[in-house]
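I have a structure I would like to understand better, so I am pasting it below and will then ask my questions one at a time.
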Amino acid sequence: MIGGGAAGLEASSALASLGFRVVLVEKEDETGGHIKNWHALFPNRRPGTEVLQALRSKLSKEVELFSGKTVTEIKQVQGRFEVGSADGWKAEADAVLLTTGFSLFNASKKEEYGYGIYDNVITSADLESAFSAGKITMKNGEQPKRIGFVHCVGSRDEKAGNIYCSKVCCVTAVKQAIEVKQFLPECEVFCFYMDMRMFGRHYEELYKEAQEKYYIQFIRGRLSESTEDHTGKIILKVEDTLLGKPLKIGVDMLVLMVGMESPDITRKLGSELGLLNDSDRFLVSADQHISANVSEIPGLFFAGTCTGPKNIADTLADARSAALAIAGYFENNSNRS
Amino acid sequence: MTFNIFVIPFFGGLLFLLAVLFVRFTAWLATLDKSGRKKLGHGLLNGQVFPATWEVFMESLLHRRMFRQNKLLGYMHMSFAFGWLLLIVLGNLESRIYSGGHINPPYYPIFLKFFVHDKRTLPFELYTLPGFFRFIMDFVLLFILSGLVLALIKRARSKWFGMKRTTQHSKFDKWAITSLWFIFPLRLLAESFTAGVYQGGGFLTNTLGTFFAAFLPVEYLYYPAWWAYSTALGVFFVTLPWSRYMHIPTEVLLIYLRHFGIKTGKKPDSFSEIEIYSCPRCGVCIDVCQMNDAHRTNSTPAYFLRSLRYGTPDNDQNANCMLCGRCHEVCPVQIDTLAIRVAARYDDNKLLAPSFKYLDRFEPADSAADVLYFAGCMGHLTPAVKKAMLKILAASGEKFSFMDEDGSVCCGRPLLLAGLHEAAAELIQKNTHLIINSGAKTFVTSCPICYKVFNEEYKLPGVEVLHHSQYLLRLVESGKIKVNSTGITAVYHDPCELGRGSKIYDEPRTLLGQLVTLNKAEQERENSLCCGGSVGDLSMNHSERTVIRDEALKVLLASQPDILVTACPLCKKTFDNGTEAVVMDIAEVVSERLQPVTKKELVTAELAG
Amino acid sequence: MKHEGKKLVWQEYQKEIADDHFFYARSCIRQTFFPGSEKVFTKILKDELGKDVYDSEHHTSCTGIGYHADAVPFETTMTVVARQFALMTEAGYENYAASCITSFGLYTEILETWHHFPEVEAKAREFLFKATGREFKIPKNLAHASDIIYKFRHEIAEKAKYRLVDKNTGKPLRVVEHIGCHYSKMFPHKGVGGAEYPYVLTGMIEAWGGEVIDYPERRHCCGFGFRQYIVQANRGYSIACSKKKFDSMEPYEPDMIITNCPGCPMFLDRWQYALSEMEGKTYGKNGNGIPVFTYEEVAGLVLGYDPWEIGLQVHQVPAEPLLDKIGIEYDPGSKFKGPNGEDLGHPEAPSYLKFYKE
Amino acid sequence: MAGTVEKVRFGFSVNKDRQIDYDANLKDIADIVLKAEPTINLCISCGTCASTCTAGQFTDFSLRKMILLVRRGETKGLENEISKCMLCGKCQLACPRGVSTRNLILQIHKALKTGAL
């Protein structure tokens, strides 16, 4: 099991409970992946730690966890696999499940948004850690009076290399917008969007709650560029497409909703194994409808966001289905060899 | 001259009251608009005074209408109003016995028992004139006190009176009501104490008097009791003009003016003020008002009129009424709450000046026809109704045209309901021009809201305005269309503007009678529940409307009919969103049950004309 | 402003600039707008830096204005550019230096087109040969004149007589730098520092002691834009662009504006006058405008050349307030004197824009 | 030292900026309307009201655009736009988000009349 995030933990627990011997490799020192950074989850804003603890506690002792190991290669040896990491650690397995997850788009690539250049331009991940730290302040320590959220940063953007929609940033933006208003009731919040893709259950209710209860304003116009004025305010230039007019507005803080990208490890392993989709660089399943967890290479399986953006619930469901697929694979192969 | 200092509070209070009433009434009458004054003049001469007086007797005294609504409440008010009048009249007659022919000061009859100590002549008491009066006066006093007991019970346990809510009183009301409640008990005490000393009381006061005399120093108590009685009266008279009891004198004036044909106009005027002051805030309208379902009790008519009277109407209260008319039906004083509400909205919105110059260019294709069908704005959002009507009209062989097929000019009533009369007039003028140009003799609309304004505000010489339920009945009865009936059960919902608004209750029912078996709904005809979708309400939000709709649906669907039938597109759309039950417009039911009419039958129908 | 963030960006856009033997192609309009600039450029390279600059009188306009105004078809422009390269090859040079930004953008565009579509290059060669019988080689290095001054900015700094520093306060002058759009917006990697934060002028300013202002509308076009300016009906749009920039930079109270293109200094300078006439508003302090310079003029000033020698008297917004601030000596009286001292007459003073000492 | 030259006639003037300067625009009307009819916030600009609009049949009146113009503080010329509404109520029936459109129109109209004074 390569990757100890949500999908990795869930699939390991599932397989362990089916009696399989599971080796879980995680590149960081602790399991949990991105959930560690999520203060509250949509749509009901429950604490991220709850899900994290639940996943970790489910992990039975038999699962052999190797953290702090970055897998660098997967070799096929007579129908079995040999997994090796950077520091020379090796492991053999009859089947390999890739749960390598995703990485966040590097916002500084959108230079014109000024991430890393202007003081108060942060990403959704930065904001989430600010929530965990319990205070939202600008670089000068003061509280922002107006915050702008920019949707589709590094998603649905050919220039940034990602034509696809990352699906979960819209609902995350609405959730974070509401949380900002709960932290700073006096703060004005704007969201600059192309389409509000609130695809999941109770997401539209969250959107309505944001409008009705928290007076969050939604302006349909993708941010073109942002600059800092002499007072340190960030001046945004968008077009209010619904009015057909350009619009200029100053905010104290800009939050970039960075999209999901295929992480380096997935690209490396994926291209080596010839399983990488060349347009979105996520992994290619044998059949995206019927066997989404199965790869072209027998014994190699995928689960979670390594096959494309997903929210946590879908990721966990995908992990469980991968466990079943693997169990089935061993089932009809046990009589084979 | 019989006089005692204690009469001053009563007498002063009475004079003060009469002065205030005089000033207030003359001010109102003087500021009536021209047509109002003309009607007043005619009314006084053309004998309208007698039916008006009869109504004053039947309503202001006996409270006949309230009796029909709520027996206990009716009796209580009658006991106070009628009882008190009897007390005054009989008191005066009684005082004639002892006045010896000369004029008595006005306070004399009220405090007669203080000035005259005519001992009871026991066995033949009733046969003597004074004895008879002693008995009658005590009896009337007892009659009033019985009403007082009911009033106290109602204040504590309004549920026993079948009233979910009673009116919350303003501070003036509290002063007035307390003083009113003390008047008659104090009179009883005063007369009983005096009787205790001089044995001059009737069956009630004398027995009480001798009872008190046994253990109370009645000779010292009776004088302060008269003082208390006089003060209670005085306080009541002084607070009356600013309290709900101003309704007593004002209602009388209202009844006369109403009989002379004066009505509340489009703008707030002195007559609408008279109506506002005639509201006793008895609270009968509060219970029937569906605003309670939406937790907006403060905009029920009683409280809104009070806010108007004390000059503190807030926008929300003003905008928040569906103008469904249920309160007007049950109001014992028959105050035109709707007209007052719309007039108040005129004041609120008169700054706004919608203008429709752009309509001048709108000239639809010439639609010469005998029958002009107007679906109305809402009709376009319920295509089933439009489709049904067009199918029926085609089947009927009538020469018709669909006036607002590609876009309508609004009938103007929604603007009227918001008090924007000048703007509505522009639309009315444009539609009138279109209708007259079409040369049609009959104008049929599917929407009761449109029907009411076409019927009442439009001047369409030579054109008969009909709601489609009326017109379809006429087609069936004239044989132009044939329908067959089925066994399915249905409940008919009277749309507010068709039922209460235009008094059309029976034609839809007769028509439906030939189509379905009609169940009765617990609240229908005059008391029909509003669907909640009304364009009359300006500020209610969607969730509040949903609560009202669901309450109405509970009542309408209680008998689990196969279908719920209504005759208004807005009601249909509103109900449809809230129930799985089948909701149909009456036209749809007719069009479903249409039978082919043979050529021969058509000809005979034609001949029958 | 996180400066390191910008440095990170600049590292990605390093550019290779030749250090000698330049074939210098002059601009067709800069000599009329700012006559001294090209003279100063060649003077600095030859006299100050001892570089070999070949200033051929045979080269023509690159037809950029015509091409961008849809008056000249692309094939014609390509053939003319091919002829320029032919002149360079015949003169035995391989490093091409363009004085005008639009030309530089055009040359880059043509070289990129030829790079991706060799057959187009072959056609250009064929046209050139048929028309002139000449052959040409692709220049080894194409640089804009400002790249070259940027490359030797430190050498100039060492020879500098003045610094871009306010004489009385000792504080660095607050300088607005405006890069011509055709420099790096079309091909970010062909400009020093890329498109978002070009470093070519910033480098000079920092080397000569000034401080750069990053105002919100820094990247906004100066309003020159061929079609906007050439067609009078559009001129309102052109002046509106400049106004947007001035309104945006005003709160920063800039001392001067430096540009590296023929059109930008022209419009940023002339439109300040037009705006003052139209709206009675001047953007410098107490009635002054913000003086606008080309980078060559600034280099000349820093090296101590006589302001009237490098043509500052042609500016609409007088440069004298800046010269005083830096402490450059000059003779106000000889501002409008001809080469041999004769009086060329004084222009009428504008209604609002303060016209400096008589 | 202003010269005596009479006004120079250039033959063109500075084009007016089409850009909505959100921060410079006064939001007084928006605040009044928000307080009077908070459901303005629920609008998701889907355009149902504008498409079913009776007045929209004859003019380019659009409540969707009106709401945005109010929220952006672009209230110039809004008044004669809003006065085209016949208040017929179709938009309120059709609105998927339950915006009280009729009251909203009245409140905007009132705010423009009173708020602007």
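Worth a mention:
Letters are used for the chains, namely A, B, C and D, taken in the order the chains are written, and counting of residues starts over at 1 for each.
Keep in mind that, in the parts below, contacts are C-beta pairs under 8 Å (C-beta built on N, C-alpha and C of every residue); 3 or more make two chains touch, one makes a residue touch a chain.
For clarity, every value in this text was computed on a predicted model and none was experimentally measured.
When every chain is represented by the mean of its C-alpha atoms, the one lying closest to the mean of all protein C-alpha atoms is D.
Between the interfaces C-D and B-D, more contacting C-beta pairs are found at B-D.
Taking each chain's centre as the mean of its C-alpha atoms, chain C lies 45 Å from chain D.
Inter-chain spacing, taken between the CA centroids of chain B and chain D, is 41 Å.
Note on chain placement: the centre of chain A and the centre of chain B lie 65 Å apart, centres being C-alpha means. Per-chain CA centroids place chain B at a distance of 85 Å from chain C.
Touching two or more other chains at once are residues 39 of chain D. Annotation for chain B: no residues touch 2 or more other chains. Pairs of chains that satisfy the touch definition comprise A-C, A-D, B-D, C-D.
Those residues of chain D whose C-beta lies close enough to touch chain B in the complex are 36-37, 39, 52, 54-55, 57-59, 80, 83-90, 92-94, 98, 100, 102-103, 106, 109-110, 113-114. Across the complex, chain D is touched by residues 232-233, 235-237, 239-240, 243-244, 274-275, 277-279, 348-352, 354-355 of chain C. Residues 108, 111-112, 116-119, 225, 227-230, 235 of chain A are the ones touching chain C in the complex.
Remark: chain C residues 1-2, 5-6, 8-9, 194, 196-197, 214-219, 248, 251-252 touch chain A in the complex.
Contact residues of chain B toward chain D in the complex are 315, 319, 349, 351-356, 358-359, 361-362, 377-378, 380-381, 406-410, 412, 414-415, 418, 420, 427, 533, 535, 538-543, 570, 573.
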